[in-house]
Every structure is written in structure tokens, then in C-alpha cells.
Amino acid sequence: MEQFLQQFTNGLAIGGIYALIALGYTMVYGVMKLINFAHGDLFTLGAYLGMTILTSIALHNIFGVFIGITVLALLVMGLTAFVGAALERTAYRPLRNSPRLSVVVSALGASIVLQNAIMLVYGARLLVYPQHVLPNTTIALFGVSIPLMRIVLFMISVVLMVALYLFIQKTKFGTAIRAAAIDQGAARLMGIDVDRVILIVFLIGPALGGMAGLMVGLYYGQVNFTMGWVYGLKAFTAAILGGIGNIPGAMLGGLLLGVIEALGSAYISIAWKDAIAFLVLIVILIVRPTGLLGERVAEKV
Amino acid sequence: ADTVKIGLMAPLTGSWASEGQEMKQIVELLAEEANAKGGVLGKQVELITEDDGGDPKTAALAAQKLSTQGIVTVIGTYGSSVTEASQTIYDENQIIQIANGSTAVRLTEKGLQYFFRTSTRDDEQGRVAAQTVEKKGWKKVAILHDNTTYSKGLADEAKALLEGKVEIVFYDALTPGERDYTAILTKLKAAGPDGVFFTGYYPEAGLLLKQKKEMGWDAPFLGGDATNNPDLLKVAGDTAEGYLFLSPPVPQDLPSDEAKAFLSAYAAKYNGATPGSIWAVLSGDGFRVAVAAIEATGGTEADKLAEYLHSGKEFVGLTGTLSFNEKGDRVGELYKVYSVTGGKFALQAE
Amino acid sequence: MMKDRRTIPYIIASVLLVFAPLYLNKYWIDVLNTVGLYALLGLSLNLIVGHAGLFNLGHAAFYAVGAYTAAILNTRYHIPILWLLPVSGLFAGLFAAVIARPIIHLRGDYLCMVTIGVGEIVRIALINNVFGITGGSNGIFGISRPSLFGYVIKRPPQFFYLIWIFVALTIFLFYRLDRYSRFGRALNYLRGDEIAAEGSGIDTAHYKLWAFILGAFWAGMAGTLYAAKMTIIAPESFSFWESVLMFLIVILGGSGSIPGVIFGAFLAIGLPELFRDFASARMLVYGVMMVLMMIFRKGGLLPARSRKFPIANVLKNEGRA
Amino acid sequence: MLLQIQNLHVKYGNIEVLHGVSVDVREGEIVSILGANGAGKSTTLLTISGLVRPAQGQILFNGAPLHTMKAHDIVRAGIAHIPEGRRMFGTLTVQENLRLGAFTSNDQQRIRQNQEWIYELFPILKERRNQLAGTLSGGEQQMLAIGRGLMIHPKILLLDEPSLGLAPLLVKTIFQTLQKINAAGVTVVLVEQNARMALKIAHRGYVLEVGRIALQDEANALLANPDVQNAYLGGA
Amino acid sequence: MLILESVTKRFGGLTAVDSVSFHVEEGQIVGLIGPNGAGKTTVFNLITGIYKPDAGKITFDGSSVVGMETHRIVHRGIARTFQTIRLFQDLTVLENVLAGCHCRMTSGILAGMLRTPWQRKEERQSLIRALQALETVGLKGKEEQLAKNLSYGNQRLLEIARALATEAKLLILDEPAGGMNEQETLELIALIQRLRDSGITILLIEHDMGLVMRVCRHIVVMEYGAKISEGTPEQVKSDPKVIEAYLGVDEEE
């Protein structure tokens, strides 16, 4: 039982990260109906940028951990948001009226470019964050030991999810985002500045990705240029699991994926854990073809 | 155009790019040095590098490309299945291949005449690992690999040797490239081993050590030579203290003049860096062996070179003396036990 | 045949290709061999993605099943590798039938995710030496070279003809299927609008399934050729990236267009080879090219053309009858 | 002159579908545009609202150029367009769709009032207000499209076949409503297949034939014109 | 020929079709009318198998079609057009019609690859049938245009041609005159009558009363999911329930 609880919390912690990346994925998907394959690389970028800033200015020593990391997070988010918006301009906007699969190829291309650019700038060797930035206190609860930072990471994911959800569902601009997702022309006829909507989405999505990268970098301490590939795929899986385009779905999907992985490792096989996760995904999709909280299909004949 | 052409096939892109790029740096440095000393047989050495992307299909093309360029020998590559995809191509073209990071036993069991390697085989390292485990007196051992050819091969060898002598309480694989291994560590811990033998690579090893500490678990870890990379210390920080691993000695630990000279030249050329990967250093040994053989036979004829290399003649390498047996494998005891002490890699006394 | 000015470039290209071994060195021939293999894979995926519009990013799974079937049967039972072409195709097709059955009703990106999942499961299964027959991460080695009428195929130029004759045959069959058969049209209908297709009396589930089966069958055969060419196969040759590459070939060339896919294979395999001089920046250049090509040719480089029907002929004959 | 369309040429790809169309709309008018299928009526409206860009010619709104403005700014300037084919936001609810109709307005009070007014006009929409727009019946969607367009009182209202798919009773309601809002000061440009009814409420009308204006006149005169009768009114 | 018995369909809490019964006799043209949202299209979707009824029976030519997949039903001889046009927009007009021929063809993948004589013959025959269908609806000469480039009215005609090509015995048309002007509607009326004369039974939904009253022998009226009236045009036109719910009182004319 203790083992189970421990593994369950391990899973939640891993899943929290997946969820955070998945949020950005889903956000972009929701509007552009575009699987932004470059999202994983924006995540990598966030991790590298965080490291660069932190090694050149020890923000955490200047301002103290809390403010220092907050400032760092804002900087990283700002920078990745900027790159994201630039990406939209160059690789996605010219393809706005193209067949969907063409855009997928463009996104794959963008992913390759970003990944290799990072490699050329930073080198292929893995790099390491400064040590001891985050406090490494561990809390014991009911015989389960949970590092404090994991709880913090988890909370950040939840808070961001809720904020994003409220923004999309409850605000007027959020409704405009959803409208632009369905029919850009009609949205324009409502007076919605679709270009601005897309720009904002491409600021928020990559910012979230960058943020996730920073957190992974800070907490796990190492970055390398291919890290986005694995995490990107996981986050994409999570987003689909929850129902792509759906914000609470991304959260749920991420957490579930993390827990499946942890429990799969614990009780079945570590080597097969990813296969198990995919198998569960497939079974869930067979039963619920649009994911757990997926969009209700509103197509009438 | 009167040069001696030597090929280097290495993963310059893809997930092993860091290893490959270091190989290129090392071999380029050695080639420059050789040329500065007047080259080989009075001719300049021309180095031709091709990227194998760490992928068998690309490697096959790289091998075809190199074999059309009149090279005498080729150094490389990293990863057994990648090497294997190129083996027959070089063999059919009668080009000496000296692999540097391919440890699968079967590569030299095919009776290929022109294939050599400066790395040792999984069974050799497995043997040393089993010895070490026994010496440490571990009764219950956990073996963790990462399902790559190398890592799995080593784990299997060690397992086979340890079976019956100690209890193997855990045997499974993690997925490399992830960041969070707490689920695996939790499971490992529950198996209650006296020590863990991890046969994967240094990034994962670093994370395992760090997260193990975080969990408040302090079972000793023994690693394979793929964890011999200074970056391990950066990743794991002080949690690496006490970590044991097996490795051929790296130049830093060799008293020989060659090794010292190499290190200082490397640092001079590449902004004070030291080579991080032992495999990359082994590519340097490959180059040195190739050059020595050409000098010794006084020609570039593959058959003669192969015969000479097979003869058991000893060469002075960056990783100590080396010679090849009739299969093309490096002979001699190579592996040493290292530990992390005081934040540094330290060679354990025998 | 058709007297169309647009066929002239194709004729020239074919002639150049037929005589390629005369003027290219082994390396470039081998590049062409790889192009040929990927052309086969692209054509097989084109049935699924291009014609039927099913978003499949796990095609490497079928390729792998074919390659491994051939490798296992060849190394264990010493069945000549070329005999195994249809057998491994059948296995891959069967595998596709089993896998696709429950998932084909999924739409768009959900299907994409599931196919990625299937691809990964297959790869993980191979790595973990499933049933003890795949050799784990070592893969399978010692696959014998193909031989035709006692003549062993070994060197790149020999493989060149083996592979490209197979490609030519595939083009011939697939072209007919695409242009002149109800099967080919049915795939297009379900790509266009599934509900309308059903409403016109087309069994969409059946055709989706067959698109998968046929595509997998061909990918399986391509896998056999790959195994024969490499003589060793390992799980990393069937990674997600391979599926991505095949997908790229289809879309880059022109979804649903046979010449497009062939062209796409030339680009996707040929460009990185041409960019070898960029060394470690070559993949970066490659990525940039991908984006640019999609921006400037939105429908792919050689998009599919509309089918032409012999209307005038039919009317004339009818008039006579 | 409130809206002037001068010598408008529009292309889709390489094909020109409008070959120099000129239309004038005076403040307070209902102007009806008639034409066979594919004549270019919808294209004309789309060009006014900025979703399609002219290849040549200009559109002036109160004398200022409109054809260079972005679509969303045109809406803000006071031109609302109820497009052909309904173009619902299918996965949003009826209520959310209506709210989006008033996206440019911040007057919550007005928005609520207008919404109530639309629910009165189309009671079935009120019943369906939490249903996803995509699952509405064809006619209900058409009502929603119209309702969405009426959420703010624009200066000019462009309607593209509003009666399509509506039951006869409702068609009447729509046309009465149009007259009502016109009386309240909204200028209306109406494209309709139901030419007879359209001309009955219109002040003036234009007949578009394959991308050119073939006729323009007072609505009554067009109704009586034998050519128009033959081509669009079923020869009555 | 087609019999509906107490057919019911619910969406969540909403009963879109409420115990509706009527039948269509062979060779008739039957109209289905009613206010917006009455459930007419839903009835069509139930007949063609896109939805499954929650209760009730639907029989065609003596056997039930409930639970059958749409394409099976088409095979049985019921073809339809859609309220919102659903063509294969990126394919040519001719290919669109050939989609209708599909279900009367039998050759498989292998025959297609090998182009057997039988397969060639079948292709040729389908082509002839498709061309005939296009001629019937008056789209001859537009075979090679892309469907999306047709005008709205012609797209509707193309949908009818595609349905005809399935060799349907019963044709179901959902607002065929939508988006047509009065002149075009007159031509459509002529077409519908021609089809009836060639032996095809027709069931149609239409809001254009001119058309309905002129072509339909029998009319079924729905409101709020239920059938409220049924009979000849004259009977229906004078039924006060219908007038109140749907037609309204004619002030003029």
C-alpha cells in the first residue's frame, strides 16, 4: 500500500510536468487545429534559456529563491513566447489556408530546425544547471516521501491550468479564441481580430512550454537538445488522452499518463512502461473516441 | 593528391551527436599532429569524416560513400548495430575498420578479416563487473540497463556470470532520455538489493544517483564504462559521492607521456577542454593504431595491414597498450574500477 | 499511350534512372537504392494518408513487422529471402487488419496518436525481445542475400535493379488502382467526406481497413527488401522518426500523387545526402527546406491531378451500339 | 452616399468573377441584389466586409476607403454581414454564438436587451440556448445566424440569402423585421433568391449577371420588368 | 414501399421525432413539411441509418432497415441528398456521380490492379450510367469541372445525380430547392416529375410551398417532432392546425 501510494505520487509529479507541456499544446491546437510539433523544442529552448540566464546572473542569489525564480520564469516565458510568435509568423502563417497535413510537415520542419539550432548554439553535450538553486526538502506524509519541489511543481501546473481554463471559457476574449478556432472568416465578421488572437495564442502556448522546460531544467538539473522530443511526444499523448483542444483534458491526460507510467513500472514492467501507457491510451480512445473530456462532436447531417 | 586517406565515421547528428563530435575533434587533432610530424610514409594524412546519424540506414550510406573515396582505413563507429550496418560494406570493399564504441560480442564473431575494435567486448566488462560485485560482498544484486544494445549486452553478460553466485533480485530496463526515474527507484528499493549494477549511460546514472539521494536511499551503485563522463559529476553533484564504475583508464589517469601530451594538445586546441567520452578517446586510439600499422607495413594494402594488426603486436595507445587477437578484438585487461571521491573520479587501488 | 507533353519529363527521368549504374558510383547507387526503398514505403503510406486521408504516423510498425518476419523466417528456417516477400507482406497486412479494425473510426489527430502509439508499442516490443524471437535491441543479423535464378544479389548496382524493378511494378499496379478502379476512387471519397460517402453507398469502414491492409502489405514487402539489403536489422531502424520520414515523403511530394511521392522520396532521402558537406548543420538545413517547400508549394511539389475519363470514347461507342 | 462600390473586380485564384461592379447605397435604404446562381452576389458582399480582397476598384464608406481596411475593423466601423451558409460556431452554444455577435460592443445592458429581443423573434432559439449550435436544425441555424447579425445595430447590414431553409411563416417574420430595423435607421443590403419578396421590401435593386451589373432600378420597376420576371420570378 | 411505425428519436432531453408513422407508396411523390426544427431532417437521418431510432419500426420493401448501416441501406435502394450540400468538393463532377455507381459495382482490389476485362467492362458501364445521370439532371458538359466550382444550384443538382446513380428506388431529397430562384425551381419541379415518371419514388422536404403543392400527391406535416397532419395538398392546405403552425394566413394573393 505504501509502495502504491509512493508510486502514485511519483506518477502525479511526472504527470504534472506532462500536463504543463500538454497545456501549451492543447492551447495552440485549440485555435489552429495544428499539432505544433515544435512545441517540444520550445520546451527545450525554455530549459536552455533558463540555464543561460541563471549561469550568467545568479538571480536566486540576488533576489532570493522565490523572487529570483519568478523573475527567471517571467524572462524565460517572455523569450520563448517571442520565439513562438516568430515561429508562427514564419512557418505557420504562410500556410494558414493550406491542407492540414502540409502544416504538419511545416511543423515537423520547424521542430527539426529548432532542435538543431539549439544543438549548434549550445553543443550536443548535455549541460547542467547550477546546483542547489531549489531547496531540496522532502516531506514525509503517511509513509510516503515527497520532495517539496514536486508539490510546488504540481501546484504551479494546477494553478496555470485553472487560470487558463477560466480565461478561455469565461472571458470574452476566450470565447473569441474559441470562435476563431472554428471559423476564422466568421470570427472576422464578428469583429474579432483573428491575427491578434492567433498571436496571443502563440505567445501563451510557447510561454507555457518554455516555463515547463525551465521547471524541468531547474528540478532535474540537466538539459540536452533532444529532451523536447521525448517530452513533446508525452505531452501530445497526454493532450490526446484528455481530448485535444480541451484544457482540463490536457491536465487530466497528463496526470493520468504519469500515473499509468509509474504504476505500470511498479507492477508490470519498467521496460514495457511506455508500451503499457500507449496501450491504455488506445483502449481509452476505442471506448471514447475523442478522449476523456474531448469536444463533443457537433456535426449534424 | 598524394595523401593517405583515413575515414572517420561518427554520429555528428542525432541523439549521439555529442559523442560523435568529440570523436571528430580528437581524430582531427591527431591527424594534424601526425601531419605536422611529416605524415605517414612521407605523405600527408587526409581525414574524411562522414556522419552516420547514429542510425543504421544512414551509416550504410556513409560507409558506401567513404568506400568510394579511396580510404585505407576507417575509424568508427559508435553503437553496435550502427557499426554492424557498415561492417559488411567495408569488408566487401576491403577497407580496414577500427570501431571504437561497439562492444557487442558478435561483431567479431563473424570472422571478418578487416574488422578491429579498440573498445573491449561486453563479456570482458561483464566479467570485471561480476568480479567487483563479488569482491564487494553483495549478496543481493539488482541489474538495471537501458535496453540499448550495449547496455543490454553488458547486463546480460553480468547476469549470466553472477547467476548462482549471488541472488539477482531485480532485472529490468529504464527508458533513456527521461528525467524522472523515481518510479524505477521506488521499485528498486522495494527489491532490497545490497547494490545496484547500472549498465546505462551517464545522464541517466546522474539522475538516478540524485533522485536516489532525494528518496533517502543509500544503496551503493556500480556503473559501466558508459558512465565514465565528467558530466556525471555535474548532473549528480555531491550525490555522486561513493559511486563506483568500471572503465578503461582515461588519458587523465594514464602516467604515459602520450596521454599527457595528448591531453595538453587537446586542451590547447579546444579552449581548455578535456575529452568527456571514453569512446571518443578510443577513436583516437583507432587512428593511432591505423597510422602505426601503415608505417610498419610500409604500405596501404589491406591484407597486409590486417595481417599485421592480427599479429598481436602491441601499440601504445592513449588508453594504455593495446593489441588485437585473431578475431580483431582488443586483448588484455583493460577495465579498472573507479569511484567518486571528493567530487572527482578516482582510480581505485587494485 | 497518352500523348501528353507532361509525360516527357517522366520518360527522361526513367531513362536516366535505368542507366544510372553506368554513370554513378556505388555510393550514389546506394543512395538511389535507399530512395527506392523509401519510394516503396511512401507509395504504401500514400494509400493510407494520401488517398484515404487517414492520418497515419506509425507506418514504421508495418515496415518493421515485414522486415522482422522476413528476417526471422530467413535466419531460422533458411527460406530464401525473395520468397518471403509475399509472406512478410501478408504478415504485415494481417497485423494491420487486427490493429486497424478497432481504431479506424477515430478521427484525424486521434487516429494519428493511436498510430504513433502502435508504432511505439511495436518498437518497444522489438527491443524487449518479444516472444524471444526479435533479438532485442541487437536485432537480427546474418540475413542472407537475395538470389535470383542462382545469381546472388550483393552489390549496390544489383540491388538497384532489384529494388527499382519492384518500384516500377508498384507504380504500375498502384497507378491503375488509383486511376481506373472503384477502390481508388472509394478511398478518395472517404477522404473527401465520410458521411457523403456512406450516403452514396460506400462502406467506409471496409475501405479504411483495406487501405491499411494494402498499405501495410506493401510496407511489409519493402521491409523484406530492406532486411535483404542490410543483412542486419535492429529496432532503431523502425523508430517514430522513420514514420515521420515516410509521412514527409507523401506530403512533400504531393498527397495522393504517385509521381509526387517518388519525387518526395528523392528529396527526403537525397537532400540530407547532398547536405553532407554541412556536417552537423545538415539537419538544420533540411528542416528549413521542409518549411520552405511547404510554404511555396502548399499542395506538395507534384500535386495529384484529377482523374480523366474517356468520356468521348464511351459516348461514341454507345452511339454505335 | 453611404456606401459606394466602384468598378469592383474580384478574382479567386486566376479566375475573375466580378468584372467591374458598381453599386451605390444611400443611407436608410434597403437595396436588393438579384442574380442567378454564381453571378457573384455573395462575392460582392464578402468584398464589402473585407473577407475577400478586390483586384481592382474601390469601396467607399462615407467617402472613406473600406477595401483597404481589415475585416474586423470594418465590423467595428459599423458594417455587419450575415454570411451565406450560416457559418455557425458549431461547438459553441447558441447563447455564446449570440454573444459573439456583439463582440464589438461593451454595452452589457444593450447586449442583454438585444438578446431578449432575438429570443422573442425566434422563440425556439431560447429553448435551445444551451445546445451546441452545430446540432441545431438547418432552419434553426439560419435563425441563429440572423440573430447573431442583429445583436448590434450596425449602420449597414449585409444579408446573404437570409430566408434560405426557413419555414414560410418565419420568412415573413424576417422580412418584417428587416423593414422594422430599416425604419429604425439601419441601411440594408439584401441578397435573396426569393426575389419577389426581396423586391417588395426594397427601395432599389440591382441585377447581377455573371459578374456585371445588368440592370438597376427602383424596386417596383424591377418587379414589373418582364426580363426580371422571366429570369428570376418564374415567369409570373 | 416505405413504412414508418411510431418512430421515435431523442437527443438528451429533447424528443426530436415523436412516434411518427406514415408510409410512402411506390411511384408517389410525398412531401414532408413542417416548421423549422420539427424533426424532418431527423426523420430522413433515421430512414437512411445515420441515426438509430429509440423506438419504432422502419420497413422498406417489406423488410426492416433499422440498425442497418447507411451504405447497406443505399444498397437496398434508398438514396438521399443532404440539407447542407455534401459533395466531394475537390473531385470532379463525374467522379462525384461515380461515387453513386460504386455500390452497384463489384470488382475488387486485385481486379483493379490487373484491369481484368470484366473490370474494364464494369468501369465502362458505370461511366455510361454516370453520364446518363448527369444528363438527366441537366449537368451534361460539366463532367470535368471540380464540384466546388459549381454554383450552388448546380451543386444541388449534382447531389441528385449522385443519388440517382445508386439506382435508387426511393429518392429522399432534403430541401432540394434551397438557394434556387423561382425560375430554377420550376426546372427542378420538371426534373422531379420526370424522375417519378421513370419509376422512382420520391420523398422530399421543402419549405417552398409552391413546389410542394405542385409536385406532391401526398403530404405529411410535422411539428415538434410529431405528425400533426397528413393528406393531399388540398387537405393539408386547409387544415387549420397546419395553417397555424406552418403556413400562416395568406394576406395577399
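Read from first to last, the chains carry the letters A, B, C, D and E; within each, the first residue is number 1.
We adopt the following convention: a residue touches a chain if its C-beta (ideal position, glycine included) is under 8 Å from a C-beta of that chain, and two chains touch if they have at least 3 such contacts.
To keep track of the chains, here are their UniProt names: A, C = Inner-membrane translocator; D = Amino acid/amide ABC transporter ATP-binding protein 2, HAAT family; E = ABC transporter related.
For clarity, every value in this text was computed on a predicted model and none was experimentally measured.
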Neighbouring chains shared between chain B and chain C (Inner-membrane translocator), ordered by label: A
Reference chain E (ABC transporter related); chain at largest CA-centroid distance: B
Chain pair with more C-beta contacts, D-E versus C-E: C-E
Interchain centroid distance [CA atoms averaged], chain A (Inner-membrane translocator)/chain E (ABC transporter related), Å: 48
Averaged-CA centre spacing for the pair chain B and chain A (Inner-membrane translocator), given as whole angstrom: 36
Separation of mean Cα positions, chain D and chain A (Inner-membrane translocator) [Å, integer]: 43
Contacts with 2+ other chains: residues of chain B: 13, 17, 21, 147, 173
Multi-partner residues of chain E (ABC transporter related) (at least 2 other chains): 41, 50, 82-83, 86
Of all residues in chain A (Inner-membrane translocator), the ones touching two or more other chains: 116, 119, 124, 269, 271, 274, 299-301
Chain C (Inner-membrane translocator)-facing residues of chain A (Inner-membrane translocator), complex: 29, 35, 90-91, 94-95, 97-106, 108-117, 119-120, 124, 233, 236-237, 240, 244, 269, 271-272, 274-275, 278-279, 281-282, 285-286, 289-291, 299, 301
Sites on chain D touched by chain A (Inner-membrane translocator) in the complex: 49-51, 70-72, 75-76, 80-81, 83, 87-92, 96, 99-101, 103-104, 132-137, 148
Parts of chain E (ABC transporter related) lying in touch with chain C (Inner-membrane translocator), wherever the complex brings them together: 48, 50, 69-72, 74-75, 79-80, 82, 86-92, 94-95, 98-100, 102-103, 105, 107-109, 111-115, 119, 123-124, 126-128, 131, 143-144, 146, 162-163, 166
Residue ranges of chain B in contact with chain A (Inner-membrane translocator) within the complex: 13, 15, 17-18, 20-22, 147, 172-175, 177-180, 182-184, 186-187, 190, 203, 206-207, 210, 214-216, 231, 234-235, 237, 276
Chain A (Inner-membrane translocator) contact footprint on chain C (Inner-membrane translocator) (complex, rising order): 49, 55, 102-103, 105-110, 112-114, 116-118, 120-121, 124-125, 127-128, 195, 240, 244, 247-248, 251-252, 255, 280-281, 283-284, 286-291, 294-295, 298-300
